[in-house]
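Below are two complexes that have subunit A in common, paired first with subunit B and then with subunit C.
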Partner chain A sequence: MTQLALVIDLNVCVGCHACVTSCKQWNTSGWAGPMVDENPYDAAPTGTFFNRVQTFEVGNYPNTETVHFPKSCLHCEDPPCVPVCPTGASYKREDNGVVLVDYDKCIGCKYCSWACPYGMREVDTQQKVMKKCTLCIDRITDQSLPEAERKPACVLACPTSARLFGDVQNPDSEVSIAIRERGGYALMPEWGTQPANHYLPRHKNRMHITEDDLLRTNNPLKKEDITVYHGEETLEDVTW
Partner chain B sequence: MRRIVYREWRIESSRYWSWLAILAVVIAIGGMAALYMEHHGHWVTGMTNSVVWGTPHIFAVFLIISASGALNVASIGTVFDKAFYKPLGRLSGLLAAALLVGGLLILVLDLGRPDRLVVAMTTYNFSSIFAWNIFLYSGFVAVVIAYLWTMADRKGVPYTKPVGIFAFLWRLALTTGTGSIFGFLVGREAYDTAVLAPMFVVMSFAYGLAIYILVLMYSFEQDDRPVGALMLKRLKNLLGLFVSGVLYFTLIYHLTRLYGAQTQNIEHFILVSGGIYTVMFWLGWIILGSLVPLFFIYHPQHGKNPKAIALASALVIFGGLAAMYVLIIGSQAYPLEMFPGKTVVEFGAPGDIGGVVAPYWPSLPEFLLGIGGVAVALLITSVGIRVLQFLPESLADRVVDPHVALAEGRGR
Partner chain C sequence: MHPAFSVIFLTTLLGAGQGLFLALITGQVYSRIHLIDAQSSDYYFHGSLIALALLVLGLIASFFHLGRPERAWRAASKWRTSWLSREVIVLPVLMGLVALFSLIHWMGWTQPFVVAGDDALPVDASLLVGVMGAIVAFALFVATAMIYASVKFLQEWASPLTVVNFTFFGLASGFMLAAAYSAWLGNDLVTFFGTWAVIFTAIAFLSRGASLLRNRHIKYRSNLKTAIGVRHRDIAQKSQGFSAGSFNTREFFHHRSPGTLRRVTAVFMLLVFPVPVVLIGVAYVTKSPTLPILAFLIQYLGLVAERWYFFAEAQHPQNLYYQTVS
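For the complex of A and B:
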């Protein structure tokens, strides 16, 4: 079985919101759109977004860090929003595991919103139906696009390549390798919903460079000859 | 016991039509409020992506569970063979159907797409408790109409008991289903508990009976029909029992959640630090909605005073609405804890917040829609008792209690 998902590297996410805006742009113009915006330039704007970045701090002052946590539908393998839908408008695609809403069957009862423990359902007050991240289903399944572009808009837009996309059930996929080798984890696994989206944790990279490292002849960090010459013949004298 | 004579509600035409006109205006205002919200979308209300069910749902759920509770009065007469309650059966059935229709109307008009009701009625996902409730609600109206027929038509009398038992079981299923809408939700800390289903059943007993008592007293008083002290005593004692039952379930519900460390935060929110939700819980649900009515009901003097009984019933209704506010709104306003121990300082895109208590304040259109639903229930009841023989001519002690009649006979 295929289970498409996002793997988000929190280590390199800088909270630039490019994923948020590209998501909104693509989806408001496509199959899932239009996505409502009310009073966008006022003090209290409101609207539908499939992807939001939540920012929180860890640690105590002055040793604090800011974590940017992009969150969209996690496309759970056992999604609690699907069985609760009275009309069956919420469903999970069998071929690729993407959780979707059939907008023609949704009656707008919002019960799925109650059921989602991740708070990822949003009502579109213009179309008056429930909406959520589709993993850009109209893009990833579009065979007319070059294969490299058959990815969600947020993945293509991320300037730091913090977002990976692929099949988490395929052990050889880029996302599975990233989860396996870099400690990828699911958000709140205790709910038992088996979220398909995963996060790669933040970690510190520490590099210790000694003088010896810099002087070694095969030092890859050495960009130029730093030897101090005192009139003796050098290699350049010989070759030129 | 004397034969019970039922008569139409014979208040003066001018008063009757004025009453209907007032209800019609309230319904029209409610309808316009629904139209306004439907036209603009829910962003014009207090509802957000965090609080998705607002004030209309408080009224809707309250009316729906009260509907099944109102039918209880008929069930006591038919199912449990308490002859004392038999004269009350017809009004009980009518009120049950009326309250359910009022509640359902609110529910439907508050849907994102009320125009797609036909989709909801034709496309079912049977793993959804919500889909089962659509059956339970529509079936309830059909069962109650059949029940009313068996009570009102001589040909139907042999079927009264079996239909009554079926209706009783159906109403239990209905309230269990309504409670389970919340009880089955694992994603919210306030829910995910089996106790909500029986708690809703007991709540329905209390709220349905409180509404019944008020409607009975008002309609009888307006038409100068007597309600005997014995009848009132029975009804108010029953109300006291049900209100105590609600208190018991409330205590068990909160004790269970206080015991486990996982749910202590939301308990602290509801019971101590939740602002309006804490006030609604203690002042609305517990003090004004339960303890004060119990004081009036069991007080040696006040317990005999019809006005005190009416006040107690009204307070129980207020307490019921407060309970729904805490249960429905409070549990949504409490944030989903995505990052335990961390405070979300920014929520990315505008429009909603995460990680902190969601702001919600009922907007006027939401409130008007809810009141409109109540007016629909009252309109159906008023027309029903006016044109059909639903109300007994008298509920005086000698009519409803054979012992009193016998004693009076001997005295004569």
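For the complex of A and C:
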């Protein structure tokens, strides 16, 4: 069993929105037709996006931290949006676990969007069907592409490699190792949706410096330094 | 949630249509067992046509909710998992049975096949179709309400009270309409239907009151901590990722003030419960042919407000991600 998914590293996401724009560019130019983009240069632009980067502030000044939070379909292992679909347009692919919408079957009733706690589905106001992240299914399954390019557009675009892509069911995959070794977590675990996408938490490296470290008590040169200092030395006298 | 008038009219019109049909069947059963006066076939024919018209209007309203109404027939396919699909199947079945019931009375095919006991219960085609229709009407109440009650993320809806509310609101407005219809014809069944309408209104008052209380003290399972997975008491969104609106900010928010919600609650608590009950009571005393019609219309208006509030009060967890523009 394969479950393709993204693992997003919140340590290195800088909130540049490159994944947002590359996602829109790739998916609006694909076989499924354009993704709606209304009033793009006006005061109130609106349109369909599969991926967004949001920004949160954690803590109170001065102890605050800015968290950039990329948000796209989590391709749940138990997707609540699929069984509610009355037409079967919403489905989870058996071979790779990607949750997709058959745009030719969707009646645009919006019921699946109510059944997603994450708000990952959006109606396309021109095609009048539900749309969502496909994990760039047309890229990742395209055997004519070199294997290194069989990745979602957002993953290829990320300048800091904050987005990892792979099979989270395979214990030896890069994504599984990252989740296992770096504390990868799922969003809203309280609903039991088992999101396939995981997030890697902020990780802090702290250096502990003791007084002994500063004095360099174990420096062999220091041990042999027998000079008696009187507090009148020039810089040359103490440089060794 | 954003209250869409297509769904508000769909659920309220269907409820009234189902309720009216159930009222007619109740009346027919009562008259068959000689508890109330027997009515002419025309009475049931015209009454069930009104019920059918309400069901058709509800169905038409539902199409305005769909992006692709020309594909609506596909919605019958996933009845194993989707309550919406089940509703899509049950509704036409009920419409067919109501139409058949209508036809039977119109054609006068009401010769009993069997008479149980000593003329205690004559069974004819209309009674059989009517009882089947009554079962399907109840199934439709369940299917319609379960569309909402089965979405566990909307905690205001995810309760058996939703099913009870939908059923008793439908029964109340349907029996109220049956009383109005009988009053218009100058029929003496006004009291019979009016009494049932008051009983159902009272039960609906209790169950809706219970769900309002429940929802006032609801404890949401999700919060910003679980939404982004950062354990801190103070998390504030600084940007939702875009400057203007999107589907997420339109579909899941009502964009009204808390004051508006309070006013709508007050309006529907008044229009659905006390006003129609008082009107039907006054109509009983004065034998007015028009007051029950007014009672039904006012209650229906109140139910539209109630359904609007039903959507507006539901808080979707996705809203946690859409708090701040920039």
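FYI, the second predicted complex is superposed on the first by the 204 of 240 C-alpha atoms of A that agree within 3 Å, B and C clash if a C-alpha of one lies under 4 Å from a C-alpha of the other, contacts with A are read in each partner's own complex, and residues count from 1 in each chain.
Note that a residue touches a chain if its C-beta (ideal position, glycine included) is under 8 Å from a C-beta of that chain, and two chains touch if they have at least 3 such contacts.
What you are looking at is a predicted structure, and each value in this text was computed from that prediction instead of being measured.
Superposition model on subunit A: subunit B and subunit C are shown in a clashing arrangement. By the touch criterion defined above, A:D9 reaches neither subunit B nor subunit C.
In the superposition on chain A, A:K110 contacts both subunit B and subunit C. Of the two partner chains, subunit B and subunit C are each touched by A:V84. After overlaying the two complexes on the shared chain, residue contacts for A:L187 are found with subunit B and with subunit C alike. Once chain A of one complex is fitted onto chain A of the other, the partner contacts of A:V129 extend to both subunit B and subunit C.
In the superposition on chain A, A:G59 makes contact with subunit C only, not with subunit B. When both complexes are overlaid on chain A, the residue A:T46 reaches subunit B and subunit C alike. Clashing C-alpha atoms with subunit C appear in a single stretch of subunit B, chosen from 8-16, 98-106 or 404-412: 98-106. In the superposition on the C-alpha atoms of chain A, the part of subunit A touched by subunit B in one complex and by subunit C in the other spans residues 17, 20, 45-49, 52-58, 69, 71, 80, 83-88, 105-111, 113-119, 121-123, 125, 128-129, 187-188, 191. Of all the residues in subunit B, the ones that touch subunit A in their complex are 38, 40-43, 48-50, 52-53, 111-113, 116-117, 119-120, 123-125, 127-131, 134, 181, 184-188, 332, 336, 338-339, 342-352, 354-355. Put simply, subunit A touches subunit C in their complex at residues 17, 20, 43-49, 52-60, 66-67, 69, 71, 80, 83-89, 105-111, 113-119, 121-123, 125, 127-129, 185-191, 199, 201-202. Subunit A makes touch with subunit B in their complex at residues 17, 20, 24, 36, 38, 40, 45-49, 51-58, 69-71, 80, 83-88, 105-111, 113-119, 121-123, 125-126, 128-130, 187-188, 191. Those residues of subunit C whose C-beta lies close enough to touch subunit A in the complex are 1, 65-69, 71-72, 74-78, 81-85, 88, 147, 150-154, 221-222, 224, 226-230, 232, 234-248, 251-252, 316-319, 321-322.
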